[in-house]
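One structure below.
Order of writing sets the chain letters: A, B, C, D and E. Residues in each chain are counted from 1.
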Amino acid sequence: MAQILQYLANGLVFSSIIILGSIGLSLVYSIADFANFAHGDTMTLGAYGAFVAFGVFGGLGGTVLGLPIGFFIALVVGMALAAAVAVLTHILVYKPLDTDSIGLLITSIGVAFVYRAVLQASFGTDFLQYDISRSGPIPVLLDTLDVAVTQRDVAIIVSAAVLVAGLHLLLQRTTLGRKMRATADNPDLARVSGIRTDRVILVMWVVGSALAAAGGVFLALYSQLDPRIGFNILLVVFAAVILGGIGSVYGAMLGGLLIGMLHELTPLLSDVGLPISNAYAPAVAFVIMVAVLLVRPRGIAGDMT
Amino acid sequence: MSEQSLVSDGPILGKDDPVLRAEGLEKRFGGLVATDDASIEVERGTITGLIGPNGAGKSTLFNLVSGFYEPDAGYVSVNGVDVTGRKPHQIADQGMIRTFQTPRKPEGMTVREALLVGPHNQTGESIIPLFTSPDTVEQEERRSLEQAQEMLERFEIGDLATQPATDLSGGQMKLVELARGMMAEPDLLLLDEPVAGVNPVLADKLAGFIEELNEEGITFLIIEHDMNFIMRLADPIIVLNQGSVLVEGPPEAVRSDERVIDAYLGGPSE
Amino acid sequence: MSTLDVGTYSPREKGVVGLLGVLGALLLLAVVTGFLAPAYLLYLVGLSAMYMLLSMGLNVQWGYGGMINFSVAAFFGLGAYGTALLTASGSPISGGVSPVVALFGGLGLAAVLAVIIGYPTLKLRDDYLAIASLGLAEVVRIFILNESQWTAGSAGLTGIPLFFSDWPVLGDLTYPYVFYAGGTPVFNMSQSVVTSFLNVVLVSVIVAAVYLFLRRIHQSPWGRVLRTIRTDEDLAETLGKNTFAFKMQAFVIGSLIMALAGVFYSHLVLFVSPQDLQPITTFYVWVAVILGGTGSDRGAMLGGFTIVAIQQGTRFLTDTGALPIGAAPLRLMLVGLLIIFIVRLRPEGILPPERELIWPDSLGGGRDE
Amino acid sequence: MTDPILTVDGVDSGYGEVQVLDDLSLTLGEGEIACLVGPNGAGKSTVLKTVFGMLEPWTGSVRLGDREIGGMAPEDIVRIGVGYVPQTENVFGSLTIDENLRMGGVARDDGLDEVVAELYDRFPILDDKRTANAKTLSGGQRQVLAFARALVMEPDVLLIDEPSAGLAPNTAKEVFDDVETVNELGTSILMVEQNAREGLGISDRGFVLDQGTVKFEGEADSLLDDPEVSRLYLGGESRR
Amino acid sequence: SGGAPEDGGGGDGGDGSDGGDGESTDSSTDSGSETYTIGMVDSLSGSLSAFGQRNQRGKEIALDDVNSVGVGGGELAISQQDDQSTSQGGVSAAQTLVNQEEVPLLIGTVGSGVSTAIHESVVQNTDVVQISQNSTSPNLTNFPDLLRMPPAGKAQAEAISTLLDEDGNESAALAWINNDYGQSVGEAFIDAYDGEIVYNEPHDQGQSSYSSTISSMSDTDADAWVFITYQPEFATMSQEAFDLGVTDQAAWYGGDSVKGPKVLESAPEGSLDGMKAVVPSVPQDAENYQAFVSEFEERFGEEPTSWSAYAYDAVVVSALAIEAADEFTGSALMEVVRDVTRPEGEEATTYEAAHEILANGGSPSDVDYTGVSGPIDLDENGDPVGLLQVFEVVDHAYESAGFIEG
């Protein structure tokens, strides 16, 4: 029982990281209408931005959930940096393009290479870490439930939950969100209605990339920082977004949860008489994903909003 | 049709030789019942009209009989074959082709190419004959091309034949949609508002064209709000209201039926 | 259609063709002047041809039929593994089979998998198909990686023979191969030149055959139905076209062409490992198809060439120390920038498809193909 | 004719390289309804798109009152009191009816709730479906929504492309009545109609477009009575 | 670095026209004389690029050390290509170097699979010597003409197994990275180990989370946990283990990559105490290694890893082979390359010392180059003898616990 709980806890943490990556992607996906392959590298960019900023602010005292205040400042800096870079990229690269969504997708692969090249040239290829000490499992949970969860894990889960809720409110409850959805739906009609779609798209890049950066920072916090972390997790993040249903924030969340859980729960399969090696964990996740898509061809959240 | 009598309450069923028979079709979207126990029969050789207020369920009925929606209840047969629950292409194979109310615009094709997709069961649609009997393919292709050009001329868009099929005006797209359906030469052609947005002068000519095709043996089921057009062409006319058939009968009788005026035609304008 | 006739050219295409001519001449000049070694050039030609095949295969699926297939690497890998498992001396299951026979082994494997992957996924649309196919491709890779009793696992397969190794004459050449004219040696070719040359001949035949095959099916009513499916599957369905069957045919044909590229790769590189199934190959092939011009067979070929030119051309950047950036990131950045610039300059690809594709000769005497 | 509120003067326009409008001029008087009729592909929709900034005029000028608006962005044109109902793709399919209406009012500073409530009163067909996604609407319901969306701004000038297409006779009548009502409340209207007799019937003036130029123009009634216009462009009788 | 190499062979190295008389500088220009260009394939991008970066540093120092003394009366230049950590990339890189630039000697590369691919498709049957700087898979032993600097992982695996036995561990949980290196070393360990293997699972490189691996290992009650993996992966795992509170559950052992400066840096203080790692190494107090370390630290501000040392030695051994060979061709180099490393001759611990023996008329076998990575001593399979060192983490620092001869 404790063992299952532990796997579930691991799954929840890992899912949260995927969710952090996927909601930003989902936003860009639905509004700019293309699969942005530079999203992973935007995550990495944000993580490096925060890394540099942490070097400056890291010393600030006080901790929240085991993380120094300076970390949160660095997080914001990373998010701002990623947003600024994305806006610049939009203006220099995407906006002048006259192409369809697949053309944009291919362009974004080029953009991803450029980001990664810059990071690799500036920071090298070896891995780095935020200099934040680890505190180990929270004693209360370990004693009562026999489940090891760290404060850092809690921080990741809480951040994911807050950002998902925030984005949901933004999209569903604010005029800006409705404008975003209208622009995604039919950009021409949006302009006809008086929506300044240029601005909406800029805001979308700001929000989407800042979310990506947040995902990247927590990812780096969870494991480590190297120029490929974002790219390495990108496919999983895409899987989450598409499995959830393109353009749905809740979908992205559900997709992320499902994929993260599946990934972490594979070892349990052997307990139910399916001795499937860990090596097949990604395969199992993919097969289940395809199975889900067969039942719901438009993703879990398919026709919901 | 010989029937000169009054309109019938509900559908007239039990026709001699129906191409299409739909019985008790029901389709719900969440709480909304779009069609509710709708039954119709389309007699071979007729031009049958289908009218009714906006949202009455006419397009939904087309979607049900052509296999795009799965009915929640009911039964559909085409040429005597039960096609309930079959895929759209299987139903088309039975000899029934439909057009869409909102025209479909194929990208990356010219207007005449878009028409060439219409003909059914082309030899060149299988790969092997492309290599074993290229001559047959060529002849068929030549014939279809001529037919397409002729069709476009009739629709007064002959000069658009080699334009991209996406660069058209709203009305022109409707015309292409209609022409493509006709290229298929089915037993029964379902047209969903074929002349909405089409210039009235041209619409008159098209009515003539449809009559010609009808004489050549194609049966039509047409949804249309243009009273001139539908009254001229169709007999009988079926009136759908709130998801089920309100009345059916000859055009003049339907036009003067109180219930139809109430639900659909509206009172005399001021 | 019996010759490699490339039809008529638009002015824009003439520009591209002219550019290619110039490029070809330059390459030839580079070889003649000793600037480019023949063996290396031949390797590059072989590699380009391989990418051409991959892009043509993907073009059948995406360009004709709009299927977003992200499992290119899997079919490539299956072709490669199919032939390698049958021919390689290091094969755990068989080995020693003649490459000509093994060719069909590779294709057979790919065809079976195409149906297995296609059956569930082709019902999905757009990006959903993309991720499902990518997922299943990963399953294939993970399987090959882990089932080492059949596949040799991560160690990969060594000892793959050259394609012509068991042919009379070609298999018996001795090296360095000296070509005599009237008793005096004219050529003295190392093994790498000869084998590369034979590989290039082989792959040229394959590419030409595939191109001619595709050209015909693309211009046919079959191709037209696929193009209809590409923009509007419902429309094709209402017109009585069995869209699933059409898509499946295109998927299998495309996959077979990709597998062909894999078979060729095996006998070119003589080593295959699960790494060759990494999704990165898939992305490069996608880039090739889009850069070349979605829906255009010629474009796909050109795209295959372009991607190799970008990948390998940037190898000649050397770290001069003048820039504050190492050669590897510089190269990565250049590849990225080149992709961006090509899409910017040619949003529809370098050689976009013809505006209209109609079975040749059926337009009457007016237009000749 | 009243003072012109909208003037199109010697405009050439089209798509990419393809020219559609050829030295086209027309004016809409303040407080008028004017109706554009003509064969399919004549360029009627193109006129509206050019006026509304969806296309940039190649030559010539488009003026609102005295102000040049040729080439201005649609989102800015909305803000100076012009509304537009496109012929196709004129609703946000993935937004609810309510959201569609609210999107029509993004450029409003206040009073959105009141206007929307009023529109629901006027179009009960929409009231029933407030929370339904617009893509689930029937063809006719969609047309009504598109029309209502443009009314949210309470524009001074309204451009409508085929408001009655796909509408049942009774609904079409209602919409035409509404066009008249809106007009009476002070909005000048430029309308394209294939339902030409009905359209001209409620209009003050009419323009017959063919091949990108105005072939006939004049009082709506005089066009209706002109036998040549009737034969070439209007067809036999009223279509409803 | 790398530098724009002037092709000493004039582009026709195939017939080795002018390689042999490199010592005569009379005809050459006064400044440069002969430049000997060899190739190097390295993982500069892709999943193994962290290794590549370390290699680059070792190579740079080596090149300076060689050229400050000179080779064959001239200079050594290295033309370099990136393999992108994939076999396709590696083959293309090697093609460029071997067939276009016609280098007679190729250093390359990191990944064992990639090295094999290069050997099979480019190097075999040609007149080129290949020396892998980093590949440790036992499979490479099957290709005698594929030389390498690090010892085969088999020795390492056996050494780990011996350690486990010595420490009295009766059962082990084994986690290995799912590639040629991990699989083959893992298999070698299983073969060697007498105790019970209660967990034996691969994990993929470059994942964001390995907690399922760690959790599964902790579900067993193995006495020892054995990690055959890379540095970043191990760093993640050790942190996750700490987060799960299971670091003390078993004794930890690992192969080469679990020892590295970054591992300790990122692990919480004390969490890894007691872990033992078997690492190919030289005696840390050896003078040449010390010199290497201080040079390295001065230039790059961090300690070298053994991978940098292998790259360093790959370059030095290549230079010595050039110095010793009759001509600058693959076959001539192949003839001497083993000899300069073998124990028959006089031990030389620096390039300078070894060069001096050769320059004074010594034959190749008069030299026994003992590099910064160890004795080397390439055997008939192209494998070095390899010296293994056991480290134990004590007070959050690696302490040497003795040497094992491979």
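We take it that a residue touches a chain if its C-beta (ideal position, glycine included) is under 8 Å from a C-beta of that chain, and two chains touch if they have at least 3 such contacts.
On a predicted model such as this, the values are computed, not experimentally measured, just so you know.
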Shortest walk length in steps over touching chains, subunit B through to subunit D: 1
Chain whose mean Cα position lies farthest from subunit D: E
Centroid spacing, where centroids are CA-atom means, of subunit B and subunit E in whole angstrom: 74
Euclidean distance of C-alpha centroids - subunit A vs subunit D, Å: 44
Centre distance in Å when subunit C and subunit D are each reduced to the mean of their C-alpha atoms: 52
Subunit C: positions in contact with at least two other chains: 145-146, 326, 328-329, 332
Junction residues of subunit A - those touching two or more other chains: 120, 277, 279, 282
Which pairs of chains touch, using the document's own definition: A-C, A-D, A-E, B-C, B-D, C-E
Residues of subunit A defined as touching subunit D within the complex: 175, 178-179, 181-182, 184-186, 188-197, 305
Footprint of subunit B on subunit D - complex, ascending: 15, 18, 38-41, 44-46, 87-88, 125, 136-141, 144, 161-162, 165-174, 194-197, 231-240
Contact set on subunit E toward subunit A in their complex: 44-45, 47, 49-50, 52-54, 178, 201-204, 206-209, 211-213, 215-216, 219, 231-232, 235-236, 239, 242-246, 262, 265-266, 268-269, 271
Complex contact set, residues of subunit E against subunit C: 1-4, 11-12, 14, 44-45, 49, 52, 79-82, 86-88, 91-93, 95-96, 99-100, 102, 113-114, 116-117, 120-121, 125-126, 137, 139, 178-180, 182-184, 202
Subunit A residues touching subunit C - in the complex, by the definition given at the top: 35, 37, 93, 96-99, 102-103, 105-107, 109-114, 116-118, 120-121, 235, 238-239, 242-243, 246, 277, 279-280, 282-283, 285-287, 289-290, 293-294, 297-299
